[in-house]
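Next come the structures, one after another.
Shared chain: chain A. Partners: chain B in the first complex, chain C in the second.
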Partner chain A sequence: MAIVVVDGVEVEIGDGERLNGVQAARRAGIEIPHYCWHPGLSVVASCRMCLVESGKRDPATGQVTLLPKLVPACQTPATDGTVFVTQSDTVRQARAMVEEDLLIRHPIDCPICDKAGECSLQDYHFRYGRAERRADLRPFTSRRRTLGDTVSLFVDRCVMCSRCVRFCREVAGTSELMVAHRGAHEEIDVFPGFPLANRLSGNVVDLCPVGALADRDFLYQQRVWFMRSHKHVCAGCSTGCSIRIDTNQDRIHRLKPRANAAVNQWWMCDEGRYAFKHVHDASRIVEPRARVGNRWEARDWPSILDALRGRLADAPSITVVLSPHQTVEEAYLLAALARRHDPSARIVVGETPMRGADESFPTGFTIRAEKCPNRRGVERIAEGWNEAAGGSESSDDFGWSAFLAELDRGARPGAVWIAGGGPDGAVDPETALRLRRTPLLIVQSLFHNPLCDQADFVLPATAFAEREGSYVNATDRLQSFAWALRPPIGVEPDGPLYWKLLDRSGLYRGPVVLKEIAERWESFAAARGSIPETGLDLGGAVRPQSTRRPAAPVSTT
Partner chain B sequence: MPSDDSSIHWVEEPDLGLSGRMCLPMFAQGLTTTLRHLRRAISGHPVTVSYPDEEPEIANPRIYRGVHRLNRDAEGRVKCVACFLCATACPAHCIDIVAAPSPWPDREKYPQSFTIDELRCIYCGMCEEACPVDAIELTSLYNLTGRNREEMHFDKEKLLSVHDATKDGEPCRTLRPADPGGDP
Partner chain C sequence: MGEYEPVLLANVGVAGSHTRAVYESRGGYEGLRRALCDMSPADVTERVKASGLRGRGGAGFPTGLKWTFLDKKATPVYFCLNADESEPGTFNNRILMEEDPHQVLEGLILSCYATGARTAYYYMRYEYPLAWERTRAAIDECYAAGLLGSNLLGTGYALDVVLHRGAAAYICGEETGLIESLEGKRAWPRIKPPFPAIEGAFRKPTVVNNVETVSCVRQIIDRGVDWFRSLGVPPDPKNPRDAGSFGPKLYCLSGHVERPGCYEGPLGLTVRELIDRFGGGVWKGRRGKAAIPGGISMGLLREDEFDCPLDFNGPGRYGCLGLGTAAVVVMDETVSIVDVLHNSCRFFAHESCGQCTPCREGTAWAYKILQRIRAGHGRLLDIELLRGIGDTIGIMPGTTICGLADGAAWPIKNAIAKFRDEIETHIKTTNPGHYGATRPVPERHSAH
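== the complex of A and B ==
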């Protein structure tokens, strides 16, 4: 156990830990400002913002000897007996000088800079900078340059921390960005003909401590202080990155990664970052419809609920197809609904959308081919319910293809409920035709797809940001979240819908249902306590990725 | 800025004295105003105006808070840089801006649309105060009418036309020296 002293506060550091001065001070509740250092990147100690006084404490006498010069805290290991002084006049003066130097030529265009409000340069200037400006320079505009399809660079706003350059070299492994020229003429740039075009490029915008790198998708859309952040989980693939959804007036404006060492470190991929456009697509199904004879009739929810209750109660046998886009809780409630009306109801897991192959990056960040967030969670639910009825426990037997094969062999379930929620129309017209003879077909979908043509009831599905519950990712890690966005008018999210159909009292709440599931089945036993923000490992048998045939790439509807 | 900063000059409240604590000076001051108006009224110059037959006279148009206008720069373009500070400062949430990259090479951002709901506005003047480029100002136009609610949603064109109509009588109230570096 190493003891480090930060401003007189003793901090204990575990034996296996390798921390630097910034991290040790953070543990003592003291902020050391920094631009170039980032926990996920190599240390360059070039911005000089984290300069502190440092020294050693003699273990025998307790005498502290400080080094004569200031040292960068990010580059100083916090070993036993290290002393950091972060609040002395020398340190304060050094910080103010660094700030002043950065601001000499920094354009004062905060009013039109997208970063204003979450900018380190702004924050540090107020906390550590000089009260007045001594230089008589008034640079006001910044040159804008396009680096790639996703990112623009405001050249003069840059403070040359080189985080973006290191990210491209160390994490993405593609090295598109470079520092051109030297000294006061330094600039971030790309080589002619080689734009910033890797699958993680959006992360350089998050890394940029100032407004130099801007997300072209988000540019000038919103001022950051208007938005509210909601902690959520990305639904783009089965990695399940921890993310933040920034919304204003029921619109998603951007997705940002949250740090989660066990899942996505500090990053997220561009595919996931921009995978929220479908939520606001005008072609979304936003009202429940029932088939009357040969035509559709839009109904209000109370009458639809009554009709569903009646028809489900009359059905001789029920099959529900859970969607891998649903949360664990929603899948559980839907299966419970089926089992309530038919104790031997069949619980099937819907088709897993697959696209391309898994891609891993040098630091271990992985973009997965399985383009749904919760196959493992839904399979655990199906397993649990099938076990409860004494049925088969193998995922190959309650899979989508097994269900279709059964239909081809002549099985005729009395009612089929197919849940949905993915942005892709995953069912082709041929498959949909195989369900044509089902007496009662209930389809939930975000967009119109061939299945809806065969259905008796079409219910609007829920988009990922509107869901509340938990996802289980490809490494069996369960992460819980609350809804981030209210659904469009006319859409009843899955959770509350099933909750009402089950005639439960009160309102649907994810944690309550998860508790119920955890108490009931061993496969969710780990979730009996509280769920940390970074999720928890459910453990258990780790099944292979998916042996099923990958579906052909499907176009986004 | 920390409160022990040497550049902050701290001022103590002056001692009011006995008459000040009894509010006598303020009482006398207020009564003087009343008496002044009373004298004017008696001598045939009443303060009340029979509007609309008679137009009231606005004592100081520079500080009157009437209908908004969006100022134009020297080239006739909208001066606004779409920084949203007016919308942020607005206590009535009546300003709606959609920003976009500007079509002009010397400007970065501009308001694609700029709408003020004049019915929702409380004419507090906070937008004017927040504006870093003196683009939004309140004019002395007070008799604002419309036949329906939609007419009272003033868009960018209409706000610019208010500027064209009032710029001669009320020049832009900018107090800061011309910036050598250009906008914003």
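== the complex of A and C ==
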């Protein structure tokens, strides 16, 4: 066990760990300011903000010998006996010098800069900078240049930390960004005709410690201090990146990745980052509707709940189609609802939207082709319920295509409830027609789709940010989250809706339901304790993707 | 001291000295033939180590010691010849490469043999077209004569020399900057450790040596350790860390002297000796005012400090950074120190690679302050600002990765320490009534 001393505080470092000064100090609760260092990128030690005094403690005598000069903490390994001094006068002067240097030419446009409020340069200046400006040079106004479809560069705000350049080289592997010119004339740029256009481009904005790189989608939309951040999980694909949803007044303004070594490292893809537009789409279904004869009638929730209860109770048999966009808890409750009315109700897992192929990046970050967050979680739920009813374990038994094939063979369930929640992947009209003879068809959807035309009840579905519960990602990692956004007026999120239909008392809360599930089934046994912020591995029962077959084209008869 | 007979420059001035025929007729490649046949690489290294040869590129690191740092287990080992001579006032490598390219090559081959390198990268700066042509021709001659290639002189040792032309940047003379540039990247010096001897060019152990250094290696092999140690200044017995300054040195003398040029002498000549004996005195009968001891990054000497000996310790005793390249630039009494400093700051602001914040912003800021002082808007406060910049940038305070910033800082520090009165007078006379201002003054020049 190595012992490192940071400002007199002893920090223990595990045997296999390789930490630098910044990380070791963090363990001691001391923040060393830095711009260029990032745990996910190579070390360049060029911003010089993390300069500290360092030395060695003699193990025998306890005598500390400091080096005669400052060293960058990011480049100094924390080994046994290493001493860091982060609060001395020399260190303070060095920080003030770097801050002064960076601000010599930095435009004073904080009032219109998106980064203001979460800007390292701003924060460090208040904490470590000089009280007055000595340089009598006129700072530039900020020139703006478009680097690609997603990112704009405010050239003169840049502090040349080169994080974005290293990201494009080391993580995205596409090397679009470069440093042009030399010395104080340096600028970040792209080659003409080769814009910043990789699938991870938005990350350079997160990496930028100042306001130089701006997200074009977010530009001038919000002051950051007005927004509230909610920890959530991206629903864009089955990777399930840990994210933050930044909202203000019931609108999502941006998604940002959270660090999670087991899932997304520090990154997220552009597809996921900008996949929140549908949440605020004006064409969303925001009221429950019932079919009366040949027309739709909007109903209020109390009456529609009564109608649903009655019709489900009368149905001779029930099939529920769970959506892979639902959380584990919601899927569980919907299946429970079906089993309550029909002890042998069929539990089917809806179609998994697939697009393209998995794409892995040099550091292991993967964008998956399975464009839903929770197929594995919902399948575990379906398995659990089907086993409870003595069903077989074959996935084909509860697959969407198997269900359709059954319908074609003449099976006539008394009631079918099809859950939804995906932004797209609507069922095609032909498939929808195969369900037309169902006596009671309840469809939940975000947008109107062909299935709704066949339905007796259309209920608004829940968008990912409005959900509460857990997703199980492609590596069987369960991550829990609370809702980030209130749904539009008229939308009852899945969880509370099923909770009410089950006549349970109190309010729907994800953790309570997850506890119930974990107690009930071995496949969720790992979730019996508390769920860490970065999720936990459910382990076992890995169901390979290949066993799932796409819906076979069957002619409607 | 008796008359010194030049050895490094022995062939300079001989007709056709850049060809192999002339070089060999004057004893060239004999040392190499002997060494390849009779000596093991370890013997060569041992001999260079015993000679006390220190790198001639500026830092003065013991060459033999540098070679022994190589990671023995890792292969291949690369040798980089640093011919990116860009220190202002320095041109000794150019003379060697233009007039005696084979001497450099012989030294290079010997050094590669000693270090076990099978590939040598000859990194030459862009601005030397004649040296480029002659070195290229000399390499071709060596390949034709079996002095380079897969089997050197039938000994089985193989060596290839790759001549690489830089793109004219001062920072490429820094050894890790050179390596980065060689690899096709921006010449941003690397963070150390790992040092190039462990992980250098193409992530392999690498030695980087200066042209004059390898030429000295050739002389050591030719003439022996004793001859080498008979020249120069022995170590200071009171300083256990002093390795001494042995051997011949090429001094570049330029500026306001009657006969500027590249002169050879043993290490330890004084600046005054150099000006008076070799340079014919300060020109036009004027008095000297200041001199740069070894390239502008080493700082400035006042006229009364001209007795500073040019060995590895001498300039340090006079407040300069070190010997540097021993390129002495002499300034006569008409020169304004403000102009000198302005020129020096302009150079470093232009050449800063821009990687580390203190150097990138500090050099540019210093240049802009000096622009303003020259334009007649100086404040006495500016002297303190400049001194602050000079004191805080560089690897010595630990605020940058490479030594470029130290080189930028030293002229500022020296000028303020040694010529403060003159700078103050300049500010007061050009900006009467306003020089005491502490408020920012309006900017005269555009920011860029």
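In the analysis below, the second predicted complex is superposed on the first by the 543 of 557 C-alpha atoms of A that agree within 3 Å, B and C clash if a C-alpha of one lies under 4 Å from a C-alpha of the other, contacts with A are read in each partner's own complex, and residues count from 1 in each chain.
Criterion: a residue touches a chain if its C-beta (ideal position, glycine included) is under 8 Å from a C-beta of that chain, and two chains touch if they have at least 3 such contacts.
Because the structure is predicted, anything quoted here is derived from the model rather than measured.
Look at chain A after the overlay: chain B and chain C fit there side by side. In the superposed model, A:Trp225 makes contact with chain B only, not with chain C.
Using the contact criterion defined above for the overlaid structures, shared-chain residue A:Leu308 touches neither chain B nor chain C, since it reaches no partner. In the superposed pair of complexes, A:Val427 makes contact with neither chain B nor chain C.
Partner contacting the larger number of chain A residues, of chain B and chain C: C.
When the two complexes are overlaid on their common chain A, residue A:Asp109 makes contact with chain B while staying clear of chain C. By the document's definition of touching, neither partner reaches A:Ala345: not chain B, not chain C.
Using the contact criterion defined above for the overlaid structures, shared-chain residue A:Phe140 touches chain B and also reaches chain C.
Put simply, if you stand at the Cα centre of chain A and look at the Cα centres of chain B and chain C, the angle between them is 80 degrees to the nearest 10. After superposing the two complexes on their shared chain, the closest approach between C-alpha atoms of chain B and chain C is 9 Å. In the three-chain superposition model, chain A touches both chain B and chain C at residues 138-140. Considering their complex, residues 43-49, 51, 67, 69-72, 75, 93-94, 97-98, 101-102, 104-105, 133-140, 159-160, 179, 181-186 of chain A touch chain C.
Residues of chain B that touch chain A in their complex: 1, 5, 7, 81-85, 88, 99-101, 106, 108-109, 132-133, 179-184.
Looking at the complex, you find that chain A touches chain B at residues 109, 111-112, 126, 131-132, 138-142, 144, 219-221, 223, 225-226.
The touching residues of chain C, counted against chain A in their complex, run 169, 186, 188, 191, 349-358, 360-365, 368, 372, 385, 392, 395-401, 440-441, 443, 447-448.
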